[in-house]
């Protein structure tokens, strides 16, 4: 079955006076991989559970394709769900687990066997057919769960932090499996995670959640390069957030902002007037140490005092004091110095990526 | 039938309603005793209410047996505290060769059916200490056995949730083992001990089997006293009043123990 | 200055490898009081009982006197005497029914306590305290409730189910009802159910099983051992039941414990002793089965770790 589209309309979930999910709406196109990204408590898991039918929304609607599924009970929704905690049935083998949903539908035995084998192939879990959950690693068990969820060929697959319970190495393996599965099956997938690297590497579209609301919605590149709020800028990847004030608004959609002891010329944002407070986002990875090179190569250049240097192999982490603000810089590890004692007292750093976010930090 | 969300919620609600109804039925006996006692009649529905039955001099059985019951309760609890605390400490925190045997021995009273034990003890009394029959001590001895497992469980539970590191820290600081136990461990396990003591008191104050068998007419608890009256005079309302009073006294200890155990010792009582 | 304490510096502080004689003897000293007590008050009387179970009594001039001759006759009698066998069969049969009933009745309550929402949980838990610790008062109350003028008959006549009041007291049925009230079963089953992660139920639902089916196929199946254990334990308790049958039926009811008491009152010590030993062995075997059942690590390893 090809993937179905998913629409969330004004979804709200209240627990008492607290809104865990507050008027959230977004679309997922058929066959698209969308990731709900946010810290714990942001409401992302609650949204997923409402889509699954495991939680009842306080208000709002959920559409699978053109079918209103809001009032459908969980067991009739026909979507696959992968849980964060181990959910492989402990009293069934791998094959029995994967075929469980099919047996429920009273599918003929031969067909079940065929499908189970196909699923085992899909998640690359050969040779473990008769094992039980306690005989498998966490990553293997999660693959069983993914295969089990996909066996009934649902139009949508929901994944609730599927990698969180695994250790780092298994996490990477499973991440590849998930990406591979999506490519091959073309199913609509919605995954929830707090790990922004997972989100950026797997998603076609990222929904960044903060305190029950959508902070930003866009492609991974959008969300990373053009964060809409200070929260998104600091949650997705590392960044330095710096205070600034708008000084002048120019005609050609540009304005100047006073920050870091300079007047910085940036593209203007709508609705900003002189005197407004803004935040500038400068990613440590985008800041470079300029040594003797032509400064004019960089649109934004700052001078500052080196306060700290940490050498981590391929990366040199520096803390540079620029006009009273402490900026983190990830310089290449092949810089001329690797220890604080060897570092010069002042450096010149430059960048071509600088994002202006309306509002104070 | 399962097509709508409404049915799913109803299922959950049904279980809740069932459980609460079951709870009401289980709690009903107290209400029943109260109705009989307060209406001074065994007819249902009660025709009128009067609280004249709750007059102590109208409750002779209670007056006769209450002192004995309370004495038995206190004595049993005291003996068990003395026996169970050292034993639990040893079996829970120490390694020694008889450990499994000691744990199993404490378990023995559970295997031997109550009446079977009464036959054995009764025979032993008749043969060796005939004076024990119908005496306080004669009833105390088996009541301690019957309640042993409760007290030991309570103390062991509280020991298991207390970190032995505290006691070790005291030892490292120079305290002797005894001093460390009394100043560090004992206060820490006091809540568990209190829970065990309350349960033991409640159980032994209302002990039935031992006094019924070995108490003759002189060593009787309230429960046996009421029962004897019931057998003699069939259903009279004042017995309900007596039973109710004893029940309320005893159950207040149990409820107190339950509330205390809820937080720290889940599963010890309930 | 206190002497060094080398024992505490060995491995972890929890390894009480004592080096001093007193320290080595300490655990035994601590355990001694209870062991001595159990030996004197429990073991020795039981040994006396075993001794008497191999003797017989003879009708003397005024009373029975014991013949000190080894015989297995008593044990034969236990299985040969009709009234004893009938009583055993009755007790075992009725205990099976009661155990089944209390498990079935208690299952939804246990599920409610294991998973349900907060409201009402405390009330339900507290209501279990009475049948557990105050079963005698429940018995007394039921005497009044089951009386011809009591609430049960009033209700049954009132709704037209019967015309004349039933005589429930003095019938085994009253004791059966009292013992079927779920209490211990709820606690035991609740523990078993609560140990199972609810995620399996949710996973089953997402795969298409309706909530009841999902519960049966996952949580209930995984808690099977606990439920069986609850059944077994209530059965064991039922075989030894004494107080409730005595209170609610009469002093001559069909339960084996009452028969045993009858023998003892009759001064038939040898037969009473042998019957008592037989019952003890029966109970011990059942308890052993229970322990093996609920502690089968080898099997459990296959499923939940």
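For clarity, chains are labelled A, B and C in written order, and residue numbers in each chain start from 1.
Methods note: a residue touches a chain if its C-beta (ideal position, glycine included) is under 8 Å from a C-beta of that chain, and two chains touch if they have at least 3 such contacts.
As the structure is a computational prediction, the values presented were derived from the model and not from experiment.
Could you find the chain whose CA centre sits the greatest distance from that of chain C?
It is A.
Counting only C-beta pairs in contact, which chains form the busiest pair?
The chain pair with the largest number of C-beta contacts is B-C.
Once you find the CA centre of chain B and the CA centre of chain C, what distance in Å lies between them?
Here chain B and chain C have centroids separated by 15 Å.
Measure off the straight-line distance from the CA centroid of chain A to the CA centroid of chain C, and report it in whole Å.
56
Any chance you could list the residues of chain C touching two or more other chains?
210-211 - these are the residues of chain C that touch more than one other chain.
Which residues belonging to chain B are in contact with no fewer than two other chains?
Residues 2, 8.
Among the residues of chain A, pick out those that touch two or more other chains and give their numbers.
Residues 73-76 of chain A touch two or more partner chains.
Quick check on the complex: what are the chain C residues that touch chain B?
Going by the criterion above, the answer is residues 2, 5, 8, 13-16, 23, 26-31, 33-35, 37-38, 41-46, 48-49, 52, 105, 108-109, 111-113, 116-117, 120, 123-134, 136-138, 140-145, 147, 149-151, 154, 181-183, 187, 191, 210-212, 239-240, 242-243, 246-247, 251, 257-258, 260-261, 263-264, 269, 272-273, 275-277, 279-280, 283-284, 287.
With touch defined as at the start, can you tell me which chain C residues reach chain A in the complex?
Touching chain A: residues 197, 199-200, 202-211, 214, 218, 221-222, 301-305 of chain C.
Which bits of chain B are touching chain C when the two form their complex?
2, 8, 11-12, 15-16, 18-20, 22-30, 32-33, 36, 42-45, 82-84, 86-87, 89-91, 93-96, 98-99, 102, 105-106, 108-124, 127, 141-142, 144-145, 148, 164-165, 168, 171-172, 174, 177, 199, 202-203, 206, 208-209, 212-213, 223, 226-227, 230-231, 235, 239-240, 243-244, 246-247, 250-251, 254-255, 258, 267, 269-270
How about chain A: which of its residues touch chain C in the complex?
52, 54, 73-81, 83, 85-87, 89-91, 100-101, 104-105, 132-134, 145, 148-149, 152
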